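See the structures that follow.
Paired with chain B in one complex and with chain C in the other, chain A is shared by the two complexes that follow.
Right after this comes the complex of A and B.
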């Protein structure tokens, strides 16, 4: 009976596991392998093995791009989280019916196509746009200040794209938080700010962690945002991968860059997952 | 309070600007040059858009169907068995959710190039099933969290065959989860640009790909008009699904 159960388990796991092994695991491993292959002149993958693509990573442009990718991702994640905390706190304290309406208002814009949303920013920040005119009239900017095509624009649009993904998990934690604790702390003499920092923030720790992961990782891989609202001085790793793939048609170089991005994401994700698995193992008794 | 209002303002501001610009007769936006419906006329007479829309819907429907089947099965196996295999199973379902899109795009492109598969609708379909599967599995697995396995055993004790128990007890119980997972897969497929861009071929333009090429080469004003139509469509879908949900309660 036990053996039969095992057989069923394997048979039932094959469709989904098989699909993901073939179309996800193997291609991901392939990216790393392809970084060591030669490029062929027709934009495919040539014969033989070489370290040329790896050596190309020493390209003097790359450190600047990698650095920019990291700071843009870190800063945008930080802004998203810092903005999401008061918003989530506020929503969680409203009446349930109003909570639902505001949450819907938060989500709806993000069901609109991603490209359209980014394009909307391009229209908004356009050198001939309304906002620019307004800034010029208010003497905040002069007529040749460029709002688009710079890292600042990329930062704003990344924040815009991922802020709801920060609000949702933080709100989910804030909603479960017991607000009597804050009152208790204040009764015991804590100031409002101390109570907020020492009681509320640790109380929503899980939400903050989730928010960090789901904003930071996609931000690291951003490609469309710098492509549409950024200029030559705001390229990120993602833009370079796309450029190597579509413009230079050098797949091994694109692979080498992707391998770096993959390692930057998989290593921390893998570590946190194994830690969790070990925790679960104890409770699941495997 | 102010923070929430400011954030909502931030979310809707660019959308409002686009709606305004779509009626502006100035081709590149900027100053107001008078009201026009010209861009909407141009939009509806553009045959490429309809072709792209057909491709998009075709891929979304077919990839959702397969992803729902594979994802639901995966959720069932994850729920039923707690062995080492399932630990690995769980990890490879979870990983695509956390990796940036661009990595899945480039890795599938390399995979298809290495196997000399012609890029086109078929490769887009494969890619969409791959990223949707994990989402469906996670949503349906969530529904399993409160499932009481003894209901199935009770059905069996009362004389139902396995087949009947699954069809009449398990599937109806899971249906809200399967529907939610399917809806998510469908939306993700409609919306996806990055992965599709990597694995698409010459004659497999989807709506997001077409929008992108219009942004690069076409008239921005026509995209404004298209955006308004899509925004309107999104609002109608959200509000009607909300109303339907309330009606059921």
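Right after this comes the complex of A and C.
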């Protein structure tokens, strides 16, 4: 009986495992491998192996871009999570029916194509756009202040794009949270804020971790957002990869950059997952 | 000193539902005071008002002379043991207990000493580093109590603290609670729907129903001298009779109970001839005999037949049919098998009881009859407690005509 159950488990996981291997593992390995091939002058992959692309990673332009990529991703992820916590807390405390309506409203933007929404931001922030004129009329900004084509614009649009992805997992945790615990903490002398920080935040830890992963990883690979609302001074690694692929037509160079980005995400994620696995084994007494 | 905690005319409504109606209570320092009543009677709301989680619509809460009605929960010297424990799942047993002290920012060495001594008090020293989800129900309960007591509150609120435990553990925890109370000497305000818990633990009990205090008194007063039909029916079991006063011979009076017999009853309520009264007679006050008992002064007697017998171990419940009445009788039997003829269904028997055992009620409500146990619904339960929430539901429709068939 037990053996049969095990067999079913294996059979049932074959499709998803197959999917992962074909569309994730193999492409990742290919990308890493390609980084060590020579470039073909016509934009393809040339013959033989070389470290030329790896050497190209020392390009003096890269450190600034990598640094910008990291801080934009970290800051936008932090803003998304900090903004999503109170939103999720309040949604979770509403009546179930109203919760569903608000969650629907959070998802509604996804009914419009991502590219169109980003272009809408471009129109919105444009030097001749409505928002800019409003700021000038209200004397908040000069007529020659630039809203668009700066890292700030990229940051705002990344936060806009990924905020729902932060709200959903945090809401899922907040919804399961036992709010009696807040009362218990206050009963023991904690102020509302202390109770929130010491009991609620650890209580939704799982949701916060999920939100971090879901927002940070795509933000790190952003390409369309800096491409559309960012200027030359707000490029991210994603923009560089696209440039190497489509403009320079140098696939090995693009692959080397992609591989670095992929490894930067996979290695820490893998390490924390194995640690989690060992921890679980220990507590389960295996 | 004697007016330690006072609820002064506390009322509270949720929407259109009035859950507390002008509640006045005085609780003495060092007592275990119980709020006893069926679910939905408002007892938990009163506790939450005391803890500061709810504000009353009107009325005041006074603790040692200070009005604490609008004080935030974290500013009151009041701590709560929650019904579902509410232990912090992200903190170890040790840190759960230390939580209140850590907030006060006192010397860590002193925290260590205090927590250790409380761990010892609840006998969980070996479990200090465990997380709450690794504890059993009884252990969680003890941690919750220690976590509240370590703050040295003026008063400890306990909200159905034993409801989630099984019977044997509940009985053990009752003893533990009593010992802890003796040790720390803090006033306990104890909310429960379980009459046996309240009776065994409390110095004083307030019986609540529909947001109103029906009666306050010691367990003996509540049981022996119930003021209303609700108290009589909710605490233990009883029989109700309704009759006219025929004659008064202080301090006793003769009543004519319709369709039953004339009954002599102790008259402490100054009832006059011609008035209508309601009597409560507890099932264990009756004596059952097969032969007609000797007539003695102040003894009432009536003849009936055995309708139902339920053997419950240390006692037996009988249902005796007298005309349209079905009378509940409880009987301890110390030598059941030896020199007593066993009664069986349909046996003619005599019931006799002393006039002092007829207790006159000040207030009578027909719906309280639904609280009485009737033979078909009887489920043997050695604790003797009855979950009234379920019982009122199931008895609501048939209760009036079937229970205690009243002419």
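Keep this in mind: the second predicted complex is superposed on the first by the 250 of 286 C-alpha atoms of A that agree within 3 Å, B and C clash if a C-alpha of one lies under 4 Å from a C-alpha of the other, contacts with A are read in each partner's own complex, and residues count from 1 in each chain.
Operating definition for what follows: a contact is a pair of C-beta atoms (placed from the backbone, for glycine too) under 8 Å apart; a residue touches a chain by one contact, two chains touch by 3 or more.
Because the structure is predicted, anything quoted here is derived from the model rather than measured.
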Room on chain A for both chain B and chain C (clash or fit): fit
Superposed arrangement, angle subtended at the Cα centre of chain A by chain B and chain C, nearest 10 degrees: 90
Partner chain in contact with A:254 - chain B first, chain C second, else both or neither: first
Partner chain in contact with A:267 - chain B first, chain C second, else both or neither: neither
Which superposed partner A:105 touches (first chain B, second chain C, both, neither): first
Touching partner for A:38 - first (chain B), second (chain C), both, neither: neither
Which of chain B and chain C A:134 touches, first, second, both or neither: neither
Contacts of A:82 with chain B and chain C, given as first, second, both or neither: neither
Chain B versus chain C as contact partner of A:220, first or second or both or neither: first
Superposition-derived comparison: chain B or chain C, residues of chain A touched: B
Overlay on chain A, chain C to chain B nearest C-alpha distance, Å: 21
Residues of chain A defined as touching chain C within the complex: 178, 180-181, 183-191, 194, 199, 202-203, 205
Residues on chain A engaged by chain B in the complex (per definition of touch): 9-10, 12-13, 15-17, 19-21, 23-28, 30-31, 34, 44-45, 83, 86-87, 90-91, 102, 104-106, 108-109, 111-117, 119-124, 126, 128-131, 133, 160, 163-164, 167, 213-214, 217-218, 220-224, 228, 238, 241-242, 245, 251, 254-255, 258, 261-262, 265-266, 269, 273, 277, 284, 286
Footprint of chain A on chain C - complex, ascending: 51-53, 72-74, 78-80, 82, 84, 86-90, 99-100, 103-104, 147-148, 151
Chain A-facing residues of chain B, complex: 1, 3-4, 7-8, 10-15, 17-18, 21, 28-31, 69-71, 73-74, 76-77, 80-89, 91-96, 98-104, 106-111, 113-114, 126-127, 129-130, 133-134, 137, 187, 190-191, 193-194, 198, 207-208, 211-212, 215, 220, 223-224, 226-227, 230-231, 234-235, 237-238, 242
